[in-house]
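Next come the structures, one after another.
Across the two complexes that follow, subunit A remains constant while its partner is subunit B and subsequently subunit C.
Up next, the complex of A and B:
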């Protein structure tokens, strides 16, 4: 659906994205994780055309028009003085949509005559999302929009998101810093570090490749183990191993534990900061 | 999207219209501008206001989107960037054109000569400012800083436009840079004599702004403006250099040495001056005075072989008063006025060998009279103290009891107060006048409503008959009925040392009905006679439309009635009549004059200039004079 070739971008002289080559397929749900400043938001903006890359290209599948691409930026920016009614009218006209399903707004009891600027962050997120649903999107790009949404609205959002994916076979590329609530959704995970993807794996495969070892404070792990990230407290030592291979279970006398996606991603991000310190 | 943009611009426009309409009302109520009509005030403010508004229109291209942090949404809309730019620019451009058309309409309604700058100058400035503001709109995030930077860029733009021909004129002709700047362009730019071809030069300098903006816009995003600016200036700087070179080449192709101005003396010598030189043509001969350090602004006084002129030294650090000796010929500085009063003075007036200048702005009460001996260059300064702020003019000078004096009119709100200032600084109050006073043949004339009071200050034979005294009038004072509004015209306003006049001319100007009636007053018997032939001609010309006229009296016994008519901002026709023994005789008629025709009426005759042609006609019969060496 999207093919990114040699994509690079700089802010002033600082490289933000460096020669990125990646492909995203139709109907995939992709999660992009990474430390702050890794280049995730910039990457999404390059995909939408909000930013023009310094070099390289982004090719969309033939027939995928911009009218079917939805983008919810982290800043949730919109024309603040518009009423919701005017915003809906504007968006549906500009994107030539057939209609607008206001059930989400009704569920949230949003007054259509209120201005966009009066909405809370959660309400605004769902309002923008409802505008995008009207586009029947084949591609949805979301940039870190869930962290400020309360638990109830987050559930509402995710329900609608899954409905939308099912209905329109939407490809979703989501940048997120909180992973637990979408743990089970992504099929593919990419981890970005210093403007490059250091991990690009199917979620299940990634789960198999990252394991944790827990030891007493005086315990040690063999030097041969590829430790991604180490966490020490006065009571416990944690070692995150990547890439884990099944043969390691027999080779080393330690217990390898499974990790959930949130912990896996945290270990990669933590690993970045360890490397940075070193 | 286009509808949204139009709607936003419409709101801004309505706000501007509201301000433009109400502020003049407010100012009129506050009183300072009560003497000006609402329309005049409105139009003056409109010209300034619309320039500010059009700058705002340009600067605010993405201002609201940035303020609302809606750039992400805006740039993710299903438009190409160029289409988005088109959608943003179109309503603003349409609005700018609309307000420009309003300006044109107001200009046409305003009558001749009212606007501060010409249509051409306004057009250049208006659209240049809009384009510069628009193209700088993405370079800065803050509106106030944007406005300041736009104004600085606009100033630099105007100065570059001025500088190119200035430097060329210095390089090609060795002309003093200040003079070239003043004469060649700046004055023309602001007062509207630029050729249309100059648009090409302006376009050359505007193009770098526009091109840099359009190309950089492709890189627009939510990134800091510094990235956009880097891209912008990367394109702008080489294009600007190319634009300056191209503009210079175009200027070079258009370049002509500065305007020449002419004056015909009573002795039929033709004086020609430009910033290059002053030439005196006399029949078949010509004498030249190189004057690269002088730029005569206007010749004000003719006294025998000496002409007195004023020179404004750009950029305005001094004003020179010059004497041209056309016999030698020679040019010299008589006086140099410096400091803050370089344009705050009235005069000069010549009496015998003394030039008088009154220094001081109308908003000030105290003035300084400068008396300059033109031969010795000695200067005497006398402080003139008044109780309120006023405009001070000298209208007469004479000698009594071996002492010289000057007659001073101090005009302030209630009317005119008149006093005599002796050369030793002594001040002698002479009463008040409702209108500008007059001095002739040793007689001071002041006015009440429909009366004129004649008061003999210095004995002259010509007034002996009435000055003997009759009942109700003191020997030296006579009051006569002259009609409401009549005002006698000075014979030569800058020359106070005039010959005795047998009759003086006055006029009543009825501005409401656009009529003027001329009268002559016999100074021996004080009989006021209507100048019927002239008044009939005025009636006839006003019936044909709004005609203008003036009465010119180069010598005490010669009168010329000049009639001219403007049509669509151009001189439609021009006629000159001789007035002799109560009758008018048509001497010359010039119908359908070209836009560039210039007519000057001088002491010695009239000068008619058209591109590539110069005709000089001498009084009294307007016979054409030929000067062999005149190019």
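Up next, the complex of A and C:
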């Protein structure tokens, strides 16, 4: 579906993306995580074509028209002074869509004659999403907007998202969506750090490779264990082990605990800040 | 089957957990021979899994003879799997072993376990 080759990008002469090579397949649901400033949003914007890379290329599968790519940015400042009705008409013309499904707007009791700027962040996100659904998207790029949407509207959003995926086999690339409702969905996870992907794994494989050890305050962890990130308080010591291997269970006298995806990603992001301090 | 609990902090892949959860419903008799299963896109929404993952779950259950059907035209429970009884026994033993492991971890003795078992099975624990 998308092939990214040797992609680099600089902002004010400072490298933001460095020589990225990655492929995304049709129908995949990909989660991209990473610390603030890692380059995730810039990467998404290079995929959409909003930003032109300094070097390298983004190649889409043949026949994929821009009209079938949806983009939800991290800040929504679109059609501010338009009424919803006018925004829908405009969007229909620009993207040549045939027929807008207003069931979502009805569900949220949004008035077509109100202005876009009067909507809450959550309502705006869902309004934009209903416009994108009309594009019958084959690719959806989502920046970390859902964190600003309340829990109820997020549920509404996820229902529609799963419907859309089932209907159009949409490839989804989501940045930093790590809250619990969504964490069973992504099949592949990438972690970005300093403009590069340091992790690119199937979610199931990643779950097997990161474990946590909990120790008493006076406990010590064997030197040979690869520790990604640690957290110490006067009451407990926590060590995040990566890459964990099954043989470690027999080799070390400690209990390796499974982690949920959010904690796994947090340990990678935490690992970045530790490296920065050293 | 709509009580399917999936533990996101488990290293058991979510699709395997979903397969297991549906098997439990069938083995426990809560899903009966011929009962329809939700369409893939509906189950995806109910348990918040990717539709591709749900499709994978249905395919696996079909290969094991627990369900029948076709993508696009619906799936239903079938008792084609001749090993239902032995599977049920294995499942009960699995759960039992987990339970024993947990009470032993809390520090129960074998005698205490036996005593409590009697008490709870006889239903006189409401005092």
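One rule holds for everything that comes next: the second predicted complex is superposed on the first by the 276 of 278 C-alpha atoms of A that agree within 3 Å, B and C clash if a C-alpha of one lies under 4 Å from a C-alpha of the other, contacts with A are read in each partner's own complex, and residues count from 1 in each chain.
The definition used in the following text is that contacts are C-beta pairs under 8 Å (C-beta built on N, C-alpha and C of every residue); 3 or more make two chains touch, one makes a residue touch a chain.
Quick caveat, the model's predicted, so the values are computed rather than measured.
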Give one of first, second, both or neither to describe whether A:233 is in contact with subunit B, with subunit C, with both, or with none. neither
Looking at A:261, would you say it contacts subunit B, subunit C, both, or neither? Reply first, second, both or neither. second
Per the contact definition in the header, classify A:204: touching subunit B only (first), subunit C only (second), both, or neither. second
Going by the contact rule set out at the top, does A:66 touch subunit B (first), subunit C (second), both, or neither? first
Go through the superposed model and pick first if A:75 touches only subunit B, second if only subunit C, both, or neither. first
Is A:29 contacted by the first partner subunit B, the second partner subunit C, both or neither? second
Interfacial residue positions of subunit A with respect to subunit B in the complex: 11-12, 45, 48-52, 65-67, 69, 71, 73, 75, 77-81, 90, 94-95
Which of the residues in subunit B come into contact with subunit A in the complex? 1, 4, 64-65, 68-73, 75-79, 218-224, 226-227, 230
What part of subunit C is in contact with subunit A in the complex they form? 6, 8-11, 13-14, 40-41, 44-45, 47-53
Per the touch rule above, subunit A residues touching subunit C in the complex are 27, 29, 158-159, 162-163, 165-167, 180-187, 204, 207-208, 258-261, 263
